[in-house]
Amino acid sequence: MHAIKDIIDLALREDIGPGDITTDNLILDEKLGRGIILAKQPLILAGIEVAKEVFFHLDSKIEFHTQYKDQDKISEGATILEVCGSLRTLLKGERTALNFLQRLSGIATHVRSYVEIIGDLPVRLVDTRKTTPGLRSLEKYAVRMGGAYNHRMGLYDGVLIKDNHIAACGGIRRAVETIRSKISHLVKIEVEVADMVQVREALDAKADVIMLDNMTIFQIREAVAMIDGKALVEVSGMVTKKDLKELAGTGVDIISAGALTHSAPSVDISMRIV
Amino acid sequence: MHAIKDIIDLALREDIGPGDITTDNLILDEKLGRGIILAKQPLILAGIEVAKEVFFHLDSKIEFHTQYKDQDKISEGATILEVCGSLRTLLKGERTALNFLQRLSGIATHVRSYVEIIGDLPVRLVDTRKTTPGLRSLEKYAVRMGGAYNHRMGLYDGVLIKDNHIAACGGIRRAVETIRSKISHLVKIEVEVADMVQVREALDAKADVIMLDNMTIFQIREAVAMIDGKALVEVSGMVTKKDLKELAGTGVDIISAGALTHSAPSVDISMRIV
Amino acid sequence: MHAIKDIIDLALREDIGPGDITTDNLILDEKLGRGIILAKQPLILAGIEVAKEVFFHLDSKIEFHTQYKDQDKISEGATILEVCGSLRTLLKGERTALNFLQRLSGIATHVRSYVEIIGDLPVRLVDTRKTTPGLRSLEKYAVRMGGAYNHRMGLYDGVLIKDNHIAACGGIRRAVETIRSKISHLVKIEVEVADMVQVREALDAKADVIMLDNMTIFQIREAVAMIDGKALVEVSGMVTKKDLKELAGTGVDIISAGALTHSAPSVDISMRIV
Amino acid sequence: MHAIKDIIDLALREDIGPGDITTDNLILDEKLGRGIILAKQPLILAGIEVAKEVFFHLDSKIEFHTQYKDQDKISEGATILEVCGSLRTLLKGERTALNFLQRLSGIATHVRSYVEIIGDLPVRLVDTRKTTPGLRSLEKYAVRMGGAYNHRMGLYDGVLIKDNHIAACGGIRRAVETIRSKISHLVKIEVEVADMVQVREALDAKADVIMLDNMTIFQIREAVAMIDGKALVEVSGMVTKKDLKELAGTGVDIISAGALTHSAPSVDISMRIV
Amino acid sequence: MHAIKDIIDLALREDIGPGDITTDNLILDEKLGRGIILAKQPLILAGIEVAKEVFFHLDSKIEFHTQYKDQDKISEGATILEVCGSLRTLLKGERTALNFLQRLSGIATHVRSYVEIIGDLPVRLVDTRKTTPGLRSLEKYAVRMGGAYNHRMGLYDGVLIKDNHIAACGGIRRAVETIRSKISHLVKIEVEVADMVQVREALDAKADVIMLDNMTIFQIREAVAMIDGKALVEVSGMVTKKDLKELAGTGVDIISAGALTHSAPSVDISMRIV
Amino acid sequence: MHAIKDIIDLALREDIGPGDITTDNLILDEKLGRGIILAKQPLILAGIEVAKEVFFHLDSKIEFHTQYKDQDKISEGATILEVCGSLRTLLKGERTALNFLQRLSGIATHVRSYVEIIGDLPVRLVDTRKTTPGLRSLEKYAVRMGGAYNHRMGLYDGVLIKDNHIAACGGIRRAVETIRSKISHLVKIEVEVADMVQVREALDAKADVIMLDNMTIFQIREAVAMIDGKALVEVSGMVTKKDLKELAGTGVDIISAGALTHSAPSVDISMRIV
């Protein structure tokens, strides 16, 4: 909630600055209008509350009508949201509201296409920390709206032991034991491993999750067999749609893909005053 | 400058929150390290100062070495930046620094590919306000690094009269005259037009810039001929790389494309501790 | 809007701090009152919405009645605004609301006296960046309420090439061409010149606006003749009321005067609880 | 300290916004310069540390040289401060630094002219809360630099019981006793009175300070005689330079004048790059 | 007011962060609930408006019912406040609201036990600046609700001359005279003294308040006799409940005790959803 | 880091406000001093970096000397920290630095006394969310310095399903399954149970941690036996030092106690200028 209000405030400040010199000089303060936000392509909706909040932040008398909510599949041409009130407010908020909607729905739509490839396979597709600076919470929300899951929100709510941590501690076991003795009992410990020797060490150290980093499909299968349910297995690396299906069939529990957020194209959404 | 510090602060807060529980518990405070930020693909660099500022914001003792600056063409495998100092700081700042670099260099690289299509033609390619909320200044900076130009920064530093403004004022002439009588003499007036009748009206109203909205190549040529140097001509709409060359040859002065920012894929950049 | 809320918040914080120790200890929370804000001298009103917002920021249940709006001419003794609601709120907000009103109406009133001297002459009187730190937007708004115009809002929304820029670039032509190749096509370029040689150079460089800096009336006339409509002409420097009429008759397009803001005396406005 | 940094930050943000488009495009980043801040009229200096902080806030490598400090009398033509470093920084900070200096030194200079009228008379000239919103601390500091004194900083650090408080409590004695029983023992109680009956009541209530509101010189003398050292006596109201001397000779302890801050004209200070 | 909103905002941000992952995932957005905030021990209430504001800050549609107000004595088992509205809001705000209530009522309850020891003796028990960082205003408010008084709020609203100030000025008289010539006439001057010689000096310097620092009961009586009403007398130091009665009988005017805030245990208050 | 700087800034603002009127008026700006921060009782140190940061925030030229670090046992009379530099800074920062140190070391010292009772027993003592508003991160840090552990930082980094969540979902199993299908795979799920039936349900639902709420020692033993290592067992409720040893011997894994933070008395630490 705070995160949403802060970034909306920032976005409106950077767009409006000391004032919308076109609208403030041409549109009378009391003039009313009705804006129709339209899907120009099929999409999965994410960010409708954010879009409303943009207009509401400018003017608490704006009213909204919609039959959709986030996570809905929207057809090309459908009216996502109707916004009624001061015409000045509609014109000032339009671009910022659309910028949020296009990006967040873009992520949700992009993620959905990955999720559909996985289908019923018992694998969880998750995001990473490769998000746009300042939009972490919103983009991770959009990932959920697309049907995938979140990895940790940041460095503070999950342990992920990587090669540098391992090197600095002198081994996986030392690293896992050290951190287990220090962190909250509610947080699981994930270890990133690069080969079978490390998989074995992570298992022995009783890691809760083992992340297989840039392994081949063959190695992944081998690792899944060795781990055999004693830890959750995550694969990471350059996950593309092409090999997603095969990857999902290896028996891993989790597939993480930075592309869910960093490579999602915006979807086309526009507003028309009617 | 303020914009950069604010968004870096926000980005680090959302990633680190109350602390990097892995690093703070496994890496000694005094341990030093050296990080190498690498281009994993050819790219146009944008954001190197932002990346430095991320680490510097965490720890003013971090040192940097580089032979590149923004706008440079970087080959795959090249070391963009070397970051030396506290290992904790390197690990805490890594993701945020890369998130900025990947996005901004992604935009610059994407923009450059458009710019190269235009080549020597006397046309200026410009961005729009379709930027990521909170990153307006940085993304517009990246567009310049890619070799294109900026349209207005926001609603406050340029006049763009659109259909709703025209309707509310009762015609283009009334709108242009009204706003000319109110705004600073340093700001030009641009009018968005949809057909030849409106082009004529905008010319008569002495608009400084005329934006041809979603016209066909044929109409654009006709409009350029009618305007005949009496105003700058901008084309806008769904500009794709495919028709960019043809568009650039119509004699228009400016081509604006939201895709420069909203559809730029991230480039692949990573950091290795050595 | 943001600018107004931020400065109101700052002003109330600096005045009330941890609490109004007189009012909080002597006036019951539930006691109601009615305050009458009075003009103690004739004035041009500016800031009535700001004054309302001060009280509203403290207490959203306050109600207002008025028959005036900014830009109106107010007679001595007239009631500018009636404020009804919690007596505590009236007493806490009084000074801050008046401090805004007195200053902004002071500027509007001061500006109007300049504007009346110019009368029907086709010259635009504009402000400068010599405003009170933190009040830029509000003071420039007050200038408009007084009937004059705004120069650029800040360093970001207009180009003004001064002697140091010219020196650093090696001449006016180089400076104008360099900047034209870099900035948005919506921004005009103004050049400050000191003599006829520079006027000629600026004309040749196709500057959009030429600012004559501290020239004599004679030189100004000569410059106007040479420029002959090929650029807008602005005069700047120590503009006093005394020579304003003569200056306005020289044929220049724009007269800028820092005195509009930095030397406007406050007008006398007070509040009475009735 | 906090107050200074906050308002400087605000002032630079409103002036520079997303960037100084003239300077950033025309002056090379590495170019150095030297700026000379000059008094264009005789003045009492106030705000030199603020001016330094403006440049320092933009760039911590800027260096300063001066032989003056606040409270000094500066002759016309004297160099107040020399500022050396990045030319970009000098040009970006110039206007904001001068806006502070001109206003604060304007107040100090204005105040000094009042103080000189009072001369050796044992009367303390003090300011009021009629200050520019957001600049309270700085303007009250400038008053001290001019040789006068501060009344309370805000509503939180001094008790001033006015007519509305008295009416709400049912009399001066009730008001004074109520508040004495509630506030800190370190804060004095001042009561505003309008006639001799109220002076008597305030005396009986053991008010620490009695403020005579808009009384004639005759009444003031009478009140001073009645109070006879049992409370401090303050006069307030429309204090002009003309009657200041006479007022100061009535035997009152304190004269408060809103004009010290709200009617101080800016002094003329400029910067030259050399 | 500002202080309350700021610290509530900070407290909710640190508790909720990017979201309440339990509640947001298990409780439907539209589900309503009713929460009963209960006293689990007898207590003096302080902070009920803060508790309301916590929920209100999250959701302006929450409603409250109570028969109590701050300063009331609450019995064990009594319902302090009923909170009705969105169940999500109740669960998200619960802990933060209780953390405020428990601490502030803890202080009020603790203070009341000291106040009762003093009974009718004409002595004022006051707090110090030994408060929790960030909670100064609220904790000092709770002290008042407990029936004691406030010393100065901070370093800005009262003068307290301590040994280091005296040493730096070369004696008490010099220190008192220097500061009297500089500060507002509304602020009293308190001097901290360690022995009878200093008491005499402070009296001669006409200090308004004399603070006896860590003196024995015998010395205190001697000092009270010497001062004899010519200044207010404050005792400070390790004031315990045990010797409070005796101390209060020595004739001093003020007893200050850091323990009122820094050693107040929280009281037990909980919330039950019904 | 951000959390520390923000709360230090807030604390200094509330204490110093517009200025330390005693020190600024009595101590020369250039005067240097040396402050000795002393333990007036035996204590476990926590917050020494915070204390340094308080002075550093005011003045970056302050220097520090110490032989201690957080978590150290300090004897009565020992010098915790030596602070050298501007005397004004020492006097302005003193109270705020001490307020942090006294509270944080108070918590660490209090926690250590609990930890010593537990001794070698394989039980982890953890804190709760019952912390002072605004100080969550710092107080949880102090708990670690005292030798205990942290439960979740807030509502965002751990799942704790309580009675209201269970009721809203229609049972423990439904609640656990629902949330497992939604949250990150790195977060464990804890369920609060009130009797053996619920313990069984939580076990069947494969909760990671089971919290026994307000059970008797007898019930706790029974629950531990039933759970038998299939989940971590936490006991919560009114944990007192008296029954801590017995509780720790029941075989539970975790004991959580709000008293670690909400009932820790401040320790006595003072500063002397030498």
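Letters are used for the chains, namely A, B, C, D, E and F, taken in the order the chains are written, and counting of residues starts over at 1 for each.
FYI, a residue touches a chain if its C-beta (ideal position, glycine included) is under 8 Å from a C-beta of that chain, and two chains touch if they have at least 3 such contacts.
Since this is a predicted model, take the numbers as computed values, not measurements.
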Can you give the rotation angle that fits chain B onto its twin chain F by Cα atoms, in degrees and rounded to the nearest 5? 120
Same-site or different-site touching of chain D by its copy chain E, using the half cut: same
Inter-chain centre distance, chain A versus chain D - centres from mean C-alpha coordinates, in Å: 52
Could you please state the distance in Å, as a whole number, between where the Cα atoms of chain B are centred and where those of chain C are centred? 32
Taking each chain's centre as the mean of its CA atoms, how far is chain C from chain E in angstrom? 45
Multi-partner residues of chain A (at least 2 other chains): 3, 14, 16-19, 136-137, 153, 156-160, 182-183, 187
Report the residues of chain A in contact with chain E in the complex, numbered from low to high. 1-3, 136-137, 140, 153
Listed in rising order, chain D residues that touch chain E in their complex are 124, 126, 144, 149-153, 156-160, 182-188, 190, 208-209, 232, 234, 253-254
Taking the complex as given, what residues does chain F use to touch chain E? 3, 6-8, 10-11, 14-23, 25-28, 31, 33, 87, 91-92, 95-96, 98-100, 102-103, 129-137, 153-165, 168-169, 175, 178-179, 182-183, 187, 262-263, 265-266, 273
Of all residues in chain B, which touch chain F in the complex? 9, 12-13, 16-19, 58
